[in-house]
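All chains are identified by letter, namely A, B, C, D, E and F, in their written order; residue positions are counted from 1 within each chain.
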Amino acid sequence: MAQPISRFPVPRLEELPEDVRARILSVQDKVGFVPNVFLVLAHRPEEFRAFFAYHDALMEKPGALSKAEREMIVVATSNANHCHYCVIAHGAILRIRAKDALIADQVAINYRKADLAPRHKAMLDFAMKVALDAHAIDEHDFAALQGHGFDAEAAWDIGAIAAFFALSNRMANMADMRPNEEFYIMGRLPAPEARKV
Amino acid sequence: MAQPISRFPVPRLEELPEDVRARILSVQDKVGFVPNVFLVLAHRPEEFRAFFAYHDALMEKPGALSKAEREMIVVATSNANHCHYCVIAHGAILRIRAKDALIADQVAINYRKADLAPRHKAMLDFAMKVALDAHAIDEHDFAALQGHGFDAEAAWDIGAIAAFFALSNRMANMADMRPNEEFYIMGRLPAPEARKV
Amino acid sequence: MAQPISRFPVPRLEELPEDVRARILSVQDKVGFVPNVFLVLAHRPEEFRAFFAYHDALMEKPGALSKAEREMIVVATSNANHCHYCVIAHGAILRIRAKDALIADQVAINYRKADLAPRHKAMLDFAMKVALDAHAIDEHDFAALQGHGFDAEAAWDIGAIAAFFALSNRMANMADMRPNEEFYIMGRLPAPEARKV
Amino acid sequence: MAQPISRFPVPRLEELPEDVRARILSVQDKVGFVPNVFLVLAHRPEEFRAFFAYHDALMEKPGALSKAEREMIVVATSNANHCHYCVIAHGAILRIRAKDALIADQVAINYRKADLAPRHKAMLDFAMKVALDAHAIDEHDFAALQGHGFDAEAAWDIGAIAAFFALSNRMANMADMRPNEEFYIMGRLPAPEARKV
Amino acid sequence: MAQPISRFPVPRLEELPEDVRARILSVQDKVGFVPNVFLVLAHRPEEFRAFFAYHDALMEKPGALSKAEREMIVVATSNANHCHYCVIAHGAILRIRAKDALIADQVAINYRKADLAPRHKAMLDFAMKVALDAHAIDEHDFAALQGHGFDAEAAWDIGAIAAFFALSNRMANMADMRPNEEFYIMGRLPAPEARKV
Amino acid sequence: MAQPISRFPVPRLEELPEDVRARILSVQDKVGFVPNVFLVLAHRPEEFRAFFAYHDALMEKPGALSKAEREMIVVATSNANHCHYCVIAHGAILRIRAKDALIADQVAINYRKADLAPRHKAMLDFAMKVALDAHAIDEHDFAALQGHGFDAEAAWDIGAIAAFFALSNRMANMADMRPNEEFYIMGRLPAPEARKV
C-alpha cells in the first residue's frame, strides 16, 4: 500500500542540471540517503534552487535562534498544517538537534503541553499565530516575545520560518510528498543504539 | 523541564481500592510498566472503573473491526484533538497491533496521505466526522461506509470509538496527562532490535 | 413524519440481560416512562453498563457541584454540539433540579446572556472550553475558576461532565437518537399545573 | 438574577411617537402582552419603523412559504447565531403556526435530525447557507431547492428571511435583548390545557 | 463574461410603484447613475421600501458617527462577508466621504493594518465582533469603545450598521448582485481629474 | 496617520550588497518607483535573493498559465489571508496584465461572483484549497482541474503560486508591509487617461 514519493514525475539524478545534482549528492553524503523533498522538488530545478536557498538562509545560517529552536517552529506549524512530510522529516532533525528523543512528538501534537520552557512556548505562540492568523499579528505579539528575550530580529526569524513552512507544507500536501522511512526512527534511540541501526 | 504526569493529585497504589489496584497491577504485568492514564484516572476510582469498562467494551472485545483498525481511529481523532497522551500511547499500540513501524505517525498527521487502503480512509472519514461534526452525520455517511463493506454494526463500532476518545482526549488535555516515555519508541524497531532495547 | 428513536436496532426488554432490564425498569418506575437513551444504548449491553456507570459517577454522586449546576454544563455543551436528545432531555432535568422553568432554554441558546450568576458563567466558560478547545486549557482557566470558588476537584467535575457529554452527544448524533416527547414540557409548568398534565 | 430586557434605555410608551405607540398597543391587544423586541427597538423610532416594515414584508404577507415554514427558518438560523430572544420568541410562534409542540426545539438544536420532510430540510439547508456562508451560494443551491419545488421567488423568500434575522439576531445579541417569559410555554400545551394556563 | 446585475428578474422603471420609481430617479439625479442595489431590490417593492428606510435611518441621519466612519464599518464588515457589491459601492462612498483615495482598500483588506487612528480600529473591532461573533458581545466590548470616547449611543450606531450590512451582504450574495462599473474608480482620483472622468 | 512601510528597519540603498541594489534599481527603472516589498525584504539580503528568485521562477517564466492568470491566484489567495500589501500591489499588476480595470477587486472580494470563465473559477477553487486546506487536496481536485484543461504541470503552477503567496502574505502581515500609493490607481484608467495621471 506504500505510495509513491510524489504525485508528480520524479526526475532521475542524471537528468538534472549539474548544480541540482551536486546539491543532492552532497546531502546524500552527509545524511546517508536523499531526503525525498530534494527529489520531489527537483521536478522544477529553478524552484528547487530558490526553495533551498531560502531554506538555508533561514535554517542554516547563524542567528538569534538555536538550530533546535528553529526545528521546533517547523514541527509545531507543520502539524497544524497536517503536513506528513515535514512533521516526520523535521521531527527527526529536531530530535537530533535538541538531543531529545521525546520532544518532536510533543511539539507536533500540542506544544502547549510539551516539556518546554515558557520561553519556548512563547516562541511557538508567535509562530503559530504567523502560521494560522498572520493578519492579526500586532504589537502585543512582539511585546510578548520581547518579554521572553526575543528581540525584533529573533521575531523576524520565528515568523519567517513559520512563513517559509507555510509554503513548504502546502507544496508537500499538494504533491503528496512522502517522507523517507529513515526519518521515523532517527534520533529516537540513545546514541550507541543509534549506531547499530 | 519534564512535567508531572497530571495536574491533579496522583494516588499511591496502596491508597487505592482493591479492584483498581488489581487492574493496575495486571496491566503492569502485561505491559511491563503502568501507563500513566491508569494512575491519573485512579484519582477518581468510580470514574476509573467506568472509563476502563467502556474502553474494554470498545477496544478489546471481538467485533467487526480488527484491533489495529480500532487503534487507527484513536490515533487519527486524537491528533485532531491535539491530545498528547492518546496520540503517543495509542500510536505505540497501533504500531504493535498493525506490525507496522510507520503507520501511527502517518495516521496521526494526515490519514488522507497515509499508506492506507481506500477502505481504511473511508473508515477514518467517518470517525473524523463523528469526532468533529457529529451533528451532520447522515445516511450518506453510512452509505459510504457500506460501500467499503462496513455494515451498521461496524459503523457503530467506528463511531463509538471516536466518541469515547472525544471523552478521553478532553480528560487528558484537561489534566495535562503525560505519556510514559516507553511509548515513544515502542513498536518502532524490527522485532529483534526491539528485544535489545 | 416522526422518526424512529434510533437509526440502529432497538432491543425489546425481554431480550435484554437481567441487569440491563432491571436498570431500565427502575428508571421507568422513578420517571414514569423509559427515556430513549436507555433503549437505544441497550443495543450494546456492555457499553450500556459502562455508559450509565460513568454517567452516575458524574451526575448522581455527592460532589462539589449541585445537581442543577451539573445539568447546566450538560445543556450548554450539548447545544454547542447540536445534540437534539441531550438538550431536550437534560433541559427537562435542569428545569426540575433548578426549579426554574426558563433556565434550560437560556443556557442552551447562549449561556452568556442567561439569568446566571457570574460564578455560573465562569463554570460554563470552563465547560465550553473543555467541550470545544480542550487542547488549549491551561493554568489561566483553572485560576479563573478558582476566582469564583471552584477548587481543583470542582474543576475536574466540570471538565469531566463536559468530556462525558462530548461522548454522549456524539453517540446520540450518530444514532439519530430521538428524545421522548415527555421531556419537552417537563418542568415548564408551575407545580400544580404540572400535576394535571 | 433576572436581567433587564435591554442593555440600552427602554422608552416608556408615553414618550413614543404616536405611530410607534399605536403599533405596540395593537400588538399587545393581539398577543396579550408586548413582546420585548418592540420596547427595546423603540429606543430608536426610525429604525423601529423600518425594522417592523421589513419584518412584516417578509413574515406576514402572502407568499410562496407558509407562515410555519417562515418561522422554521427564523428558529434554525437564530440558534446558529446563539440568539436568545429570537429562538425563544419565534420558537413560540413556530409552535403555534405549525400546531406542533415539539418542532421548535427540534429545529433550533439540529434541524437535520428533526421530524421534518426532506423538502423542509432542503429549505433549511439553503437558509443556513445564507446565514453562515452566503458568499458561496451558487446555482447548485438554487437547483437543490428547485428539486423540492421551491422556485426562484421561494428561494428569495427563504434567503431574505435568513438575511433579515442575521440583522435581528445581531441587534438582539448586541442589546442583550431578553425574551418575555410568556414565550417559553406558549404553544407547548394541547389547546384545552393552554386555555387553562 | 460580464454577469447580469442580479440572478433575479430586474423590473423596468415604468413597472414600478410611483414612490419606488421616484426614489430611484432622485438617486440617479444626485449620483449620475442608478446604483444597481436599487434596481435589484425593486424586484420586491415592499422590501425595497423597508430596506432603504432602514439604510437611511442608519447611514444618513445626524448621529454620533461621521458619515465616513459609518462607511468604514460597511466596508470592513462587507469584505469579511465577501460581498462584492457592498465593498465596491461603499468603498467608493468611503473614499468620497473621507476624501481619501486609499482608505477603502485598506479597510476592506485588513483594517488592523490600515492608516487609521486607534479610535477607528477600536470602532472596527466592535463592528467586526457584531458581524462575526455577536453572541459573545459583552460589557468588555462596550468598555473598550468607551475608552475611545464612543458612548452607548455610538455603540448602538456601530453595531446597528454592522447588523444591517449583515443583512445587506447576504441579500447581495444570494442575488449575485453586481456593482456598477462607475464605483470602481470613484473617489480614486484627485478632484480635478475626477471631474474629467 | 500614514504608517511606515515596515515594522522592521529598512536599509538605505547604499548599504545594500551590489546585487540586491542592482535588482532594486532595475525594478525602479522598469516600474518608475520601487515597490516597498523590495525595500522591506532587503533587510535580509540572503532571504531577499531567495524570495525573488522563487517569485520570478513562478511568476515570470513561460509556463502553462498566462501572466494574468497567475496574478488572479495571487489576488484571490492574498485577500483570503487579509494581506494588505499583496492585494493592492498584485491587484494593480493583475489589472495591467489582464487589461481589465475591474477584475482585481472582483477576484479579491469573491472570485465566485466575479466576471470569470468557469475555467478560471476552477483554477481559483484549486488555488484557494491549497491556500486554506492543502492537507485535504486529493485526486478529485486534480480531476476537476483536468476537466477545465489544466494538466498536472498547470496544477503544480497553480498550487505553487498559492503556496508561495502563503509565505509572502505571512511575511507582509508580520512586517506590517505597506503598499506604495502608486499601486492603488494603477491600471484603473483607460490607457489615454492613464497617461495623463
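The working rule: contacts are C-beta pairs under 8 Å (C-beta built on N, C-alpha and C of every residue); 3 or more make two chains touch, one makes a residue touch a chain.
The shown structure was predicted, so the numbers you read here are calculated from the model rather than taken from an experiment.
The set of chains in contact with chain C as well as chain E comprises A, D.
Under the touch definition stated at the top, chain A and chain D share these contacting partners: B, C, E, F. Ranking B-C and A-E by contacting C-beta pairs places B-C first. Matching CA atoms, the turn from chain B to chain E amounts to 180°, rounded to the nearest 5.
Chain D has its Cα centroid 44 Å from the Cα centroid of chain B. Chain D and chain E, compared by their mean Cα positions, are separated by 25 Å.
Counting only residues that touch two or more partner chains, chain C has 82-83, 110, 113, 135, 173. Touching chain pairs in this entry, ordered by label, are A-B, A-C, A-E, A-F, B-C, B-D, B-F, C-D, C-E, D-E, D-F, E-F. Within the complex, the chain E residues that touch chain D are 7-8, 43-44, 46-47, 49-51, 53-54, 57-58, 61, 81-83, 130-131, 134-135, 137, 142, 152, 155-156, 159-160, 162-164, 166-171, 173-175. Touching chain A in their complex are the following residues of chain C: 135-136, 138.
Taken together, the chain F residues at the contact with chain E in this complex read 1-3, 79, 82-84, 87-88, 91, 101-102, 105-106, 108-110, 113-117, 173, 176, 178, 181, 184-185, 188-189, 193, 196-197. Residues 110, 112-113 of chain C are the ones that touch chain E when the two sit in their complex.
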